[in-house]
Amino acid sequence: MSRRKSRFLRKPVEPFTISAGATADDLLARMERISFQGRNLATARRIWERMLGSDVTIFLGTAGALSAGGMRLIIAHLIEHRYIDCLVSTGANLYHDLHETRGRRHFIGSPTLDDAALAAERIDRVYDTLASEDEFCRNDEWIASFVLKLEKRPYTSREFLFKLGEHLWKETDNRGILTAAYRANVPIFCPAIADSSIGMGLSQARHRDQTAGQIDVIGDIIESANIVIRRPSTASIVLGGGTPKNFINQASVQAEFYSDRVTGHKYALQIVTDVPHYGGASGSSLEEAQSWGKLSIESERATVHSDVTLALPLLVTALETTMKDTIAKRKRIEFDASGRLLIINGQPLPDNRYHQDT
Amino acid sequence: MSRRKSRFLRKPVEPFTISAGATADDLLARMERISFQGRNLATARRIWERMLGSDVTIFLGTAGALSAGGMRLIIAHLIEHRYIDCLVSTGANLYHDLHETRGRRHFIGSPTLDDAALAAERIDRVYDTLASEDEFCRNDEWIASFVLKLEKRPYTSREFLFKLGEHLWKETDNRGILTAAYRANVPIFCPAIADSSIGMGLSQARHRDQTAGQIDVIGDIIESANIVIRRPSTASIVLGGGTPKNFINQASVQAEFYSDRVTGHKYALQIVTDVPHYGGASGSSLEEAQSWGKLSIESERATVHSDVTLALPLLVTALETTMKDTIAKRKRIEFDASGRLLIINGQPLPDNRYHQDT
Amino acid sequence: MSRRKSRFLRKPVEPFTISAGATADDLLARMERISFQGRNLATARRIWERMLGSDVTIFLGTAGALSAGGMRLIIAHLIEHRYIDCLVSTGANLYHDLHETRGRRHFIGSPTLDDAALAAERIDRVYDTLASEDEFCRNDEWIASFVLKLEKRPYTSREFLFKLGEHLWKETDNRGILTAAYRANVPIFCPAIADSSIGMGLSQARHRDQTAGQIDVIGDIIESANIVIRRPSTASIVLGGGTPKNFINQASVQAEFYSDRVTGHKYALQIVTDVPHYGGASGSSLEEAQSWGKLSIESERATVHSDVTLALPLLVTALETTMKDTIAKRKRIEFDASGRLLIINGQPLPDNRYHQDT
Amino acid sequence: MSRRKSRFLRKPVEPFTISAGATADDLLARMERISFQGRNLATARRIWERMLGSDVTIFLGTAGALSAGGMRLIIAHLIEHRYIDCLVSTGANLYHDLHETRGRRHFIGSPTLDDAALAAERIDRVYDTLASEDEFCRNDEWIASFVLKLEKRPYTSREFLFKLGEHLWKETDNRGILTAAYRANVPIFCPAIADSSIGMGLSQARHRDQTAGQIDVIGDIIESANIVIRRPSTASIVLGGGTPKNFINQASVQAEFYSDRVTGHKYALQIVTDVPHYGGASGSSLEEAQSWGKLSIESERATVHSDVTLALPLLVTALETTMKDTIAKRKRIEFDASGRLLIINGQPLPDNRYHQDT
């Protein structure tokens, strides 16, 4: 074999071998040497490990029906143990989390149920999963009542969601995404909060009191970029794409506008089912993100084309098995997300202004 | 053949036959009798025709890189000729529309270009399409300057986008989505405006003046539901899924909460590339939407699994060929979208309150 | 703008504009300047035009339920007018073609029909399309009877399918894929004939006469490669992927083994719904095919990610509109597919041997 | 909650919880109570368990680049331990298995490598995996030499592949799919053998000796259906779709034609990435298969929409953990696949004839 040829053919595929009792860690370790999406998931795990061992702020984006689909306590776990530092989510994932934290449930159904029959029973279907619409309506009212008790002024989604998590924790003592974020002081942004049942609850408060329910989503843009400006080494983990994927990237692009130290995420993972070739942002490749400066040119990155419900349990279980020590000594950014101004490592961010290096 | 059997086997597939010079109308007429997504597109056209001939308010949702991808003048056409009554869009589609209305361009590229080289030249890639990042930065500044001139108070995205379209029209005299909506007084909602470069422009205004850039996305929820309450016969046309798909459905669900006359969209079309089986809202089936009451049980509906850039030019060209008369005599809802309160058929909507039937 | 930058930003996207009465040709002409799969389809049309104007043998591969789905007379048209020179097909497409050529029909159904009810009526479903199982059984018998009349010796699928088309034409006088290929002397290969109802018919003949139904699929490999060796300028058009896609590429790779003049297809188009990232051949990229030598490094190529039923009617109608003259003066390879040895331009191919250049 | 409503809302989703050291069995046990494709994989495991505990012949179909992608020793394991009884495969999976069993390797690459550079080095790419073309050519010659030594008569693919496995085992003593099947006397069918490099090797033998390389794929159809007729309780496990999926179903449909005892597979699993809505067989639903009688109306079934490289390692590891005893006492069909006539439980199948009940 020529030298040039051998340059390409260095590392053989190792066929996966079956062992009884193999753990998530074992599985992913073997999958590093296979191909296609199995290898990509194994690579994603190694990149996440390197994120945890290095000095970066880790953003997690969550889209798709992850909470309804049984992923909410994995996300809570990632927050509680600080596998991540900041969450950007769709409203639906936070709403379905709130639903379960309040003691309600989603139910096992099937994609072939008769939707007219479900509608007659006021049961809402999410593919193979069901929930009671009446319980959803009571959630909306519960949110509206909470909103009416808040001081009447604009809130970033981050401040609002902190207070919502606090209220939920005090009322229920239950684990969930919102309560975990409250307890760990991890900020949550919800840039499309108006497109969700949390937004509907806010609007119902407004209906009763015209000064209630003010959410300052433009403030969220500034705050998220300031997080990047204050500590420009960042990483992005995206589950499902959607508005969280773009918002996390936008924070980096916007930060670069105000600070020369920002050069794009150093690590990027995504588990998505969308594909690049229709041009939409959810399916866009991590290479494309480099052209925008969303990712640094030298970034480590992996895309896993998979349903999150298949890939995430395996991925996080493997991390939990091997990363205990790394997590314990991780250099974490510390937030205080409780007030109007987000506080990072003891210092508040500027008020409605981008932080500028001097 | 038994009678029961013949019940199923009534309408034969007619193989598509080729004729030189066939028009979009001819193609879709023949495609009604084939199978799979070709038939679905032909069915979508007939349903849209029936929408136009009946007494409904038609919502259009646009997600994915439609403006960058060359679809913006089709959407402008749909607004100008009132094939639709209300637009719900991602911010990116409006931003890329603004970019071109301001005289800038997107460019033909390729998905295999070297992203490091593009980054070095400050060129942003959207799959096979390119744009200048410097021009984007100047758009952001243009938006910020406009925002700073506005009275400092909260605006729904609908009011803000009307004023943006007005300003754009006065400055450029160019056709586009925003300018068409301004001229036709068609409301545009952008529930995830914070997740877009329009949001970034707003945030840059805020940076300069801390009272600028207030967008009231909760007000959008109330306003969009009030549109449904005032005229409960509605239709939904969704291109690409995303936040617009859910927001249009949410308006119907929220309206039903306040008005017994609301029973879900009577017609629904979607052209999407996502699939139902991962549970996300973008790919969810129109049948699933019935369980939630988003669509009425008797709704006419069609899902086309296709890239919008393939399906939409054919679909709208066919409608344009056959619907001239129908469009001319269509019973349209009339908006005045220029002020703080949206005015429908001469009557303003309630101020920060859901319209309630009495 | 710097010179290097302007190198990338040369050709602007031109937003698609709507005109009543626009033809397929008009639509695709405009779609050349948009993005994503719309542009890819427009590009595919130009590449097919250049194929027709140049001196190449054009292979067409057909997989997926194209005949059941209403595409069979488009394929017949491509054969009759020699838009293509050689067909490689799954057995199902030829079988469903035979079904309709024999006067039977497929029927318009729906993907949500009750399959237990269909099974009870002996109705077979292909997504949204139906057919009578009893009629299918009679086709199988019809094929078996025909096979039993043939001389008992091995036949390549190409020779067998020619004789089947001949028999079908003599009995029915109806247009279809098999009859068009018989009349135009265009060879059809069916490498996976054992995986189809045509194979089942052959096996039923064997059941009655143990010397009947001998198909020499290894002979097909040699013959298809010899077609390439005899005229090494080739093009590949693939609809749906599957065995035809690989078989057409394999012919080129195998031919290269015996002839230095063969350097891979000069043009390649594919309309597929599969994606590359799972590693399967159906979704593999045309760039990957270059590494194997299936495509020449300088090949012109386009992949359209679309359902064939959406893209093909538009594509072939546009070609028919503009290519009349080109087709009339096309330099065509001439086959005589009627005998044991395939004859090309008057000269038979070697008997069970690769043609070797001397 | 009304009784009717509670009928739907019985079994709550249980959010997945993370534990360090969790095994594949643990993961899948928890995934039974989540949603979407995660739940489907967990369900698939339970169905496979029930297959193993009941009196059925289990067919496995393998399509996609599974052997190149590192799955071949899992398939060998399934054969050796008789998790399955009969394999239907594409030729490529057997060829890439042979490549590695002969001591050659596939290599870790990337989907973004330069294909012109690879072509220059004669390296073939399968998405992110590489192999040496020269080694492939030597495999072809190795196959041709073996074929030339065989008695010159027609062989079903099943008989041929048994002999190929035997030769490979005697020469290499290495584990793999072909050698495992030889040693366990598990039949392998390859209905599209002409569309593969094994077919190319056979054709090269034919080139040297015009009586060599006769493969009787029509005989395969009869033999596979006779396996079903002799023991009509069957199950189907499909990885990737393609010709194996249809061939396994066809065996059942063809068997039903000759035996009233055959009523469709009793269990069916598929792990596929294709979707139903384009009408192709690879993505077709298991419900659709019921309309054809391929599956019994009461069949237990699960579709997992996933890349096989992600789902299969987890699935088979879990089975290996819990099924040891069940496997040990499984009621297995016993084959002797070594001769011209396949022998089942000591009795040869009819010679070129369907077995008919009397």
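Should a chain be cited, it is by its letter among A, B, C and D, assigned in written order, with residues numbered from 1 in that chain.
In the analysis below, a residue touches a chain if its C-beta (ideal position, glycine included) is under 8 Å from a C-beta of that chain, and two chains touch if they have at least 3 such contacts.
Keep in mind it's a predicted model, so treat the numbers as computed, not measured.
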Message: Assuming a repeat means more than half of the contact pairs shared by residue number, which candidate in A-B, B-C or A-D repeats C-D?
response: A-B
Query: Once you find the CA centre of chain B and the CA centre of chain C, what distance in Å lies between them?
result: 38
- request: Averaging only over C-alpha atoms, locate the centres of chain A and chain B and give their separation in whole Å.
  value: 27
- prompt: At what distance in angstrom does the C-alpha mean of chain D lie from that of chain B?
  reply: 45
Query: Which parts of chain D, given as residue numbers and ranges, touch two or more other chains?
result: 35-37, 65, 68-69, 113, 118, 123, 126-129, 275, 277-279, 287, 305, 307, 309
Query: Chain adjacency by touch: line, ring, star, complete or other shape?
result: complete
Field: Of all residues in chain C, those that touch chain D in their complex
entry: 63-65, 68-69, 92, 111, 113, 115-116, 118-119, 123-129, 133, 137, 154, 191-197, 199-200, 202-203, 206-207, 210, 213-222, 225, 240, 242-243, 246-247, 250, 253-254, 257, 273-282, 284, 287-288, 290-293, 297, 307-309, 351-354
Message: Taking the touch rule as given, give the residues of chain C at its contact with chain B in the complex, in rising order.
response: 1-2, 4-5, 8-25, 27, 30-31, 33-39, 41, 65, 68-74, 77, 100, 105-109, 112-113, 118, 121-123, 126-132, 287, 304-307, 309-311, 313-314, 316-317, 320-321, 324
Field: List of chain C residues in touch with chain A within their complex
entry: 35-37, 275, 277-279, 305
